[in-house]
Amino acid sequence: MQNPELFERWQQVRQRSVALAAPLSAEDCAAQSMPDASPVKWHLAHTSWFFETFILEQFEDGFQAFHSDFRVLFNSYYNGVGEKHPRPQRGLLTRPSLETVQAYRLNVDERMQRCYASKSDDLRLRQLLELGLQHEQQHQELMLTDIKHLLSCNPLHPALYAGPPQLDKPLAASHTLCWQDYEACLCEIGHNGKGFGFDNEGPRHRQFLEPYQLATRLVTNAEYLAFIEDGAYQNPALWLAEGWDWIRNNDLRHPLYWHYDHQQGWQEFGLHGLQPLLPDQAAGHLSFYEASAYAAWAGSRLPTEAEWENAAALHEQEGQLSQLFDYCWQWTSSSYSPYPGFAAATGAIGEYNGKFMVNQYVLRGSSSFTPAGHSRISYRNFFPATARWQLSGLRLARSLNEEEA
Amino acid sequence: MQNPELFERWQQVRQRSVALAAPLSAEDCAAQSMPDASPVKWHLAHTSWFFETFILEQFEDGFQAFHSDFRVLFNSYYNGVGEKHPRPQRGLLTRPSLETVQAYRLNVDERMQRCYASKSDDLRLRQLLELGLQHEQQHQELMLTDIKHLLSCNPLHPALYAGPPQLDKPLAASHTLCWQDYEACLCEIGHNGKGFGFDNEGPRHRQFLEPYQLATRLVTNAEYLAFIEDGAYQNPALWLAEGWDWIRNNDLRHPLYWHYDHQQGWQEFGLHGLQPLLPDQAAGHLSFYEASAYAAWAGSRLPTEAEWENAAALHEQEGQLSQLFDYCWQWTSSSYSPYPGFAAATGAIGEYNGKFMVNQYVLRGSSSFTPAGHSRISYRNFFPATARWQLSGLRLARSLNEEEA
Amino acid sequence: MQNPELFERWQQVRQRSVALAAPLSAEDCAAQSMPDASPVKWHLAHTSWFFETFILEQFEDGFQAFHSDFRVLFNSYYNGVGEKHPRPQRGLLTRPSLETVQAYRLNVDERMQRCYASKSDDLRLRQLLELGLQHEQQHQELMLTDIKHLLSCNPLHPALYAGPPQLDKPLAASHTLCWQDYEACLCEIGHNGKGFGFDNEGPRHRQFLEPYQLATRLVTNAEYLAFIEDGAYQNPALWLAEGWDWIRNNDLRHPLYWHYDHQQGWQEFGLHGLQPLLPDQAAGHLSFYEASAYAAWAGSRLPTEAEWENAAALHEQEGQLSQLFDYCWQWTSSSYSPYPGFAAATGAIGEYNGKFMVNQYVLRGSSSFTPAGHSRISYRNFFPATARWQLSGLRLARSLNEEEA
Amino acid sequence: MQNPELFERWQQVRQRSVALAAPLSAEDCAAQSMPDASPVKWHLAHTSWFFETFILEQFEDGFQAFHSDFRVLFNSYYNGVGEKHPRPQRGLLTRPSLETVQAYRLNVDERMQRCYASKSDDLRLRQLLELGLQHEQQHQELMLTDIKHLLSCNPLHPALYAGPPQLDKPLAASHTLCWQDYEACLCEIGHNGKGFGFDNEGPRHRQFLEPYQLATRLVTNAEYLAFIEDGAYQNPALWLAEGWDWIRNNDLRHPLYWHYDHQQGWQEFGLHGLQPLLPDQAAGHLSFYEASAYAAWAGSRLPTEAEWENAAALHEQEGQLSQLFDYCWQWTSSSYSPYPGFAAATGAIGEYNGKFMVNQYVLRGSSSFTPAGHSRISYRNFFPATARWQLSGLRLARSLNEEEA
């Protein structure tokens, strides 16, 4: 077997998906709280569908689908594969049951094992296995954000995990926010071809950066609270026009999971239920509009994705910045668009990234929900400006005059 | 214990609700397919909430709620009781679990038993017990219509019950449709005070009827198919203006659960999955608009509810008509409005019926989903003109000239 | 020429439409403030289209349309005539100009004159002429309600007519509201065949009425204000469920044209601009929901249309009631439905009334906007429960016990 | 008077607005065909409001508003100025009349003349005058696109101008499309400070460009028709996911103003009415989605705005490209975002551009509707990806490998 470590990693990822769902009931796994989110059961099935459709269908001898209807039912958005069950109706699929979906997973796992055992010398197979593994890791993060959103819709504020949060990442030290300077430079960004990267991370190419500064840490809950208490949600001057209309129309006054009551003060809902707001924690679940308004209020701006990546690359050599990864995804001011020379893969798999390159903004770094080992400095996450159910925060940036730099 | 038969009936009704849910998984019980429909779990909880809120809270010694939040969570529409969980979000309540709701039912059952054992001499308690029993029977019919709708949204067309339908009601004999004449008369309609009746069935009062005819049976699938095949869904002349706009905007071309494919021909989805359309069965799941258009096509009209009730009363004495009960609810042309002298009860329980008396149409009879013993000739069911997920069909009527009568 | 008085009346009605539009600019006549309302220019054209389509096309020798496209452009809702310009886009028809529409009117008038001169012995022609005359009178009322609505959307509160209102109808004497009793009776309602009546007013038929009372006058602004000040718009117990949702969703707190400001107090917008609210005037521009809630608050109910018509017939003989006509249309609790034996005319003209008999409520009487001579006691006006831009008020009713009566 | 040429230019611009409206009736000027478009009368008033609010209010001695309500009525989107009349209701403002708005224009013109005569040495005044002049030119283009859209909604297809179009710009020579190469370079883009530029055009800054090619002319109607005839509107593989959903949901099959009928073939609606489609004309009224899909079909992509501006700068020195200006605005792949170091002006005037920098795409060049002298190579026009009523077309681009370059 070629590259047995790859297959071992693959098995671990597959097992982790099941482990994430373990504390959830079949009911928890079946519900869908909004069209953007999917049921956990659907994630468990779709990630298996990915392997069955893109690997087994091509590489398995005597391929036979586990269930002929699953091709449609668990197709997310690949027009090249054919019909799709409508996304907003994923929560109505009480059949197949969670039990059947778990059986589907086991079946795919076994067939994949046999298939990889006999054909691991096929480079395309190994590439697709790696892609599917990365794909499943992405869905692991979505399983957490989606179940969090679902439980947040329940007025009982149910806790998925007992007790107060056991954060495996230490909280942001509430050190004074400092500014790190970066000189004007012609930098290279994009994936360098070593190890795995999604197609949207390349080609590696040159970008010129005017001098700029980045904050050495993320914006904290305490800082964001000061923004709220300064009347920011009532002040149109701080907001993009579209963002202002959006917060007015939806009557928004604070981040998605914040709650205020006169007795408890500010609390935040999470997988441990409703808990007191932690002032030093990186502010999360912000929309692009809120991140932009905060930056305007703070006399700053969001960084571009090239500024972020250039700084992250320097950080790898010299250290400087904190919280690049593992806390909150960091909104950038960069619209999600193709790098010069980008070309999507041919066939249905080419729909993975490229067709979403409009009206979305890039987030960099990773969050405490991101699986270990999944991120890297060239990684481009992306969501619409209204998205708040992702663990999205911000790091401030400022432009420098030539003389300041 | 006074009136032990009442309590025994009550226990049977309570058990039947659980029995109806028995073939369903926890996932099936939790999902909500549209705002009009509710999850089976919600029905199971709400019918228990009804007893806890309207009986135990008033009559139980040392009343203590099973769970303080359930008062809001399972309140359907009683503003007098306080806040309500929003109806369209009932399907997001993955907690409490089905198991907890079943424990809630058992808890309410035990407390009700103790309460009734000690206070059955209280007339108001007995009245509320009977009301709650009838209320639970109404929800039993909704459990069936709602789960049918949910499963119909699943492209797998899952069958709740195995095998072909074992109809406990014989199919409509496809006898030739006959017309029964009724002379002009001053009739009395409304509940006569003997036995249980909902407040909306009274007061009994006089109505004058001009001479009319009723069809001796309901419209069948075969007849409705002829209407379709005659181009009715493309012919505005047959439709109420609002109905025409509605079928155009929703691109409707046949009853809710009918499916056509070139190999199988016409099929109908039901609790036994997708089955061949039965030509002699009473056509069901029709909207008021479709029922009206069919009647127009057939040179007839819908009966008023007084015409229906007058005929049903005569039928009890003389026999005449078939399919008054047990097949399909029968749309009438009568808007749901208060009878002369109607006054809703005081307090929250007064919200049961009266506040819905606008923009709904009365259906008479009962359906094959209606619990045995639940219906009567004064019974007024009501739904908006667009409702199709109820088992609603039609019986034709015609006006007669004085000389014809 | 047969029936020259008919033709003379017709000419007067035609001239009045032009006179109503005289104080309006071309801009005023072209705009449409909501889909329910139409531009005055459209009314001027459509009422001419009616004669061109239903009379000239059939009776004119060598018929030639004034403009071939007008058949579609000014068709309101007659599917039998063919295509229709979409109603919500009537305000986009800046062409044809007001001037062209006025030329269209003159052209139709001349052709009608010639046609009538030569064919007035044709009964069907005379009937259609009368129908078109009545139709134009209906549109004259709509011209006033629609222009009032349009001007009300203008923050300048423009007055169509200068000075304070010169009411041609004296205000309701603020006499104490009295109750007139009516005994149980088998009455006849519906048009008796003498003189003109719309098809929906017949056939005349019998209805039995249980004993009831009617208020001798309409509800006044002062009374409606007391209802508001008693917190009615915040109290769900007074409202039909659908009405409560509707006022909440639209944040309604008073009748359509009422304005409150701290300096001026309550004012009402009308064709004379913003004027102080007149306490003794009949409250108008109420929805069916508001009328129903007011009645509930006052311990009363709305009358049925048969109760209203029976009382109006007695009034013609004995006098009793005030404000039956000329102040505000009076909501009844009767859903708009066909009388026993009703049959719409064949052909496109049969679409005039019958196809709207669903989800609308009947109003009786007439308003200060109704043309003189247009109303009668069998007249059935109808609008949806949400309609507020019509001059719709209410007269209270109560049921009596047999012994009270 | 300082800079009399400036004032003279200003007067010419003011007069041109009136001249553009001259062939329109008052009705034409008052209507609004969709929320994105405004009535011509509103444009005439708003452009005067701009001078009254931003210049006269500050610089005029004894300033008195022409009409106190106009401050709100004709405020487009400046929160810093205060309240605004809701944009979708601009078409309901039948008052003030067109005549009054023309009087308003004259009044502002006279006061501006007096004001400028006495204070032209004030630099800020001169800057605001220039800004207002440019602002009015922008609205002149919108007057044309908005009236075109309004007339296009009229089924009569009215022609604003008689006869076939007298194009003042020669049609695109249907020369074979050629590709112009550009080497990798560190270019400078943005306004260089000479002459007028909007704030969003600066600061001038450096961008690195990888090697690329641009088409020497715009895509023509004939080419776009080939795209349609190749089934592009039915092929999801060519479209951004959001664009595909959008064309499906709106059932789009061709550019906004194209019409097909079996007798006439393809026609295009314009200010001269419905005319045969001109094959060699630059394809216009395309959304960003359509432009992107066309580029994908053609094996190309849209240029970035920096690529466009770099090429345009080289063109000024060397010539190369055709149709940079005056035909159609050219969609770029660049999301509209602030240049490095961009800071909006303080005060309400700072809302001019910056707050719109999200979810819009940059268009470069100018169109046949753009006033003479209004455009330049650093000009950044911007619209949402769905906008089709602007005269927006496309120029193709391609990336080159280093070795190809």
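When the chains are written out, they are named A, B, C and D in that same order, and each has its own residue count from 1.
The rule is short, and it goes like this: contacts are C-beta pairs under 8 Å (C-beta built on N, C-alpha and C of every residue); 3 or more make two chains touch, one makes a residue touch a chain.
Note that the coordinates shown come from a computational prediction; the quantities given were computed from them, not determined experimentally.
Enquirer: Need the most distant chain from chain A, centre defined as the mean of C-alpha atoms.
Expert: Relative to chain A, the chain with the farthest C-alpha centre is C.
Enquirer: Would you mind pulling out the distance in Å between where the CA atoms of chain B average out and where those of chain D do?
Expert: Roughly 58 Å, centre to centre.
Enquirer: I'd like to verify one number: the distance from the centre of chain B to the centre of chain C, where each centre is the average of its C-alpha atoms, in whole angstrom.
Expert: Those two chain centres are 36 Å apart.
Enquirer: Averaging only over C-alpha atoms, locate the centres of chain A and chain B and give their separation in whole Å.
Expert: 46
Enquirer: Chain C: which residues touch two or more other chains?
Expert: In chain C, nothing touches at least two other chains.
Enquirer: So that we know how the chains sit together, what is the shape of their touch graph: line, ring, star, complete or other?
Expert: Contact map by chain: ring.
Enquirer: Within the complex, which stretch of chain D touches chain C?
Expert: It comes out as residues 25-31, 33, 69, 72-73, 85, 89, 91-98, 150-151, 153-156, 158.
Enquirer: Tell me, which parts of chain D touch chain A in their complex?
Expert: Touching chain A from chain D are residues 77, 79-80, 184, 186, 205-210, 212, 236-237, 239-244, 288-289, 292, 301, 333-335, 337-338, 340-341, 351, 355-359, 385, 399, 401.
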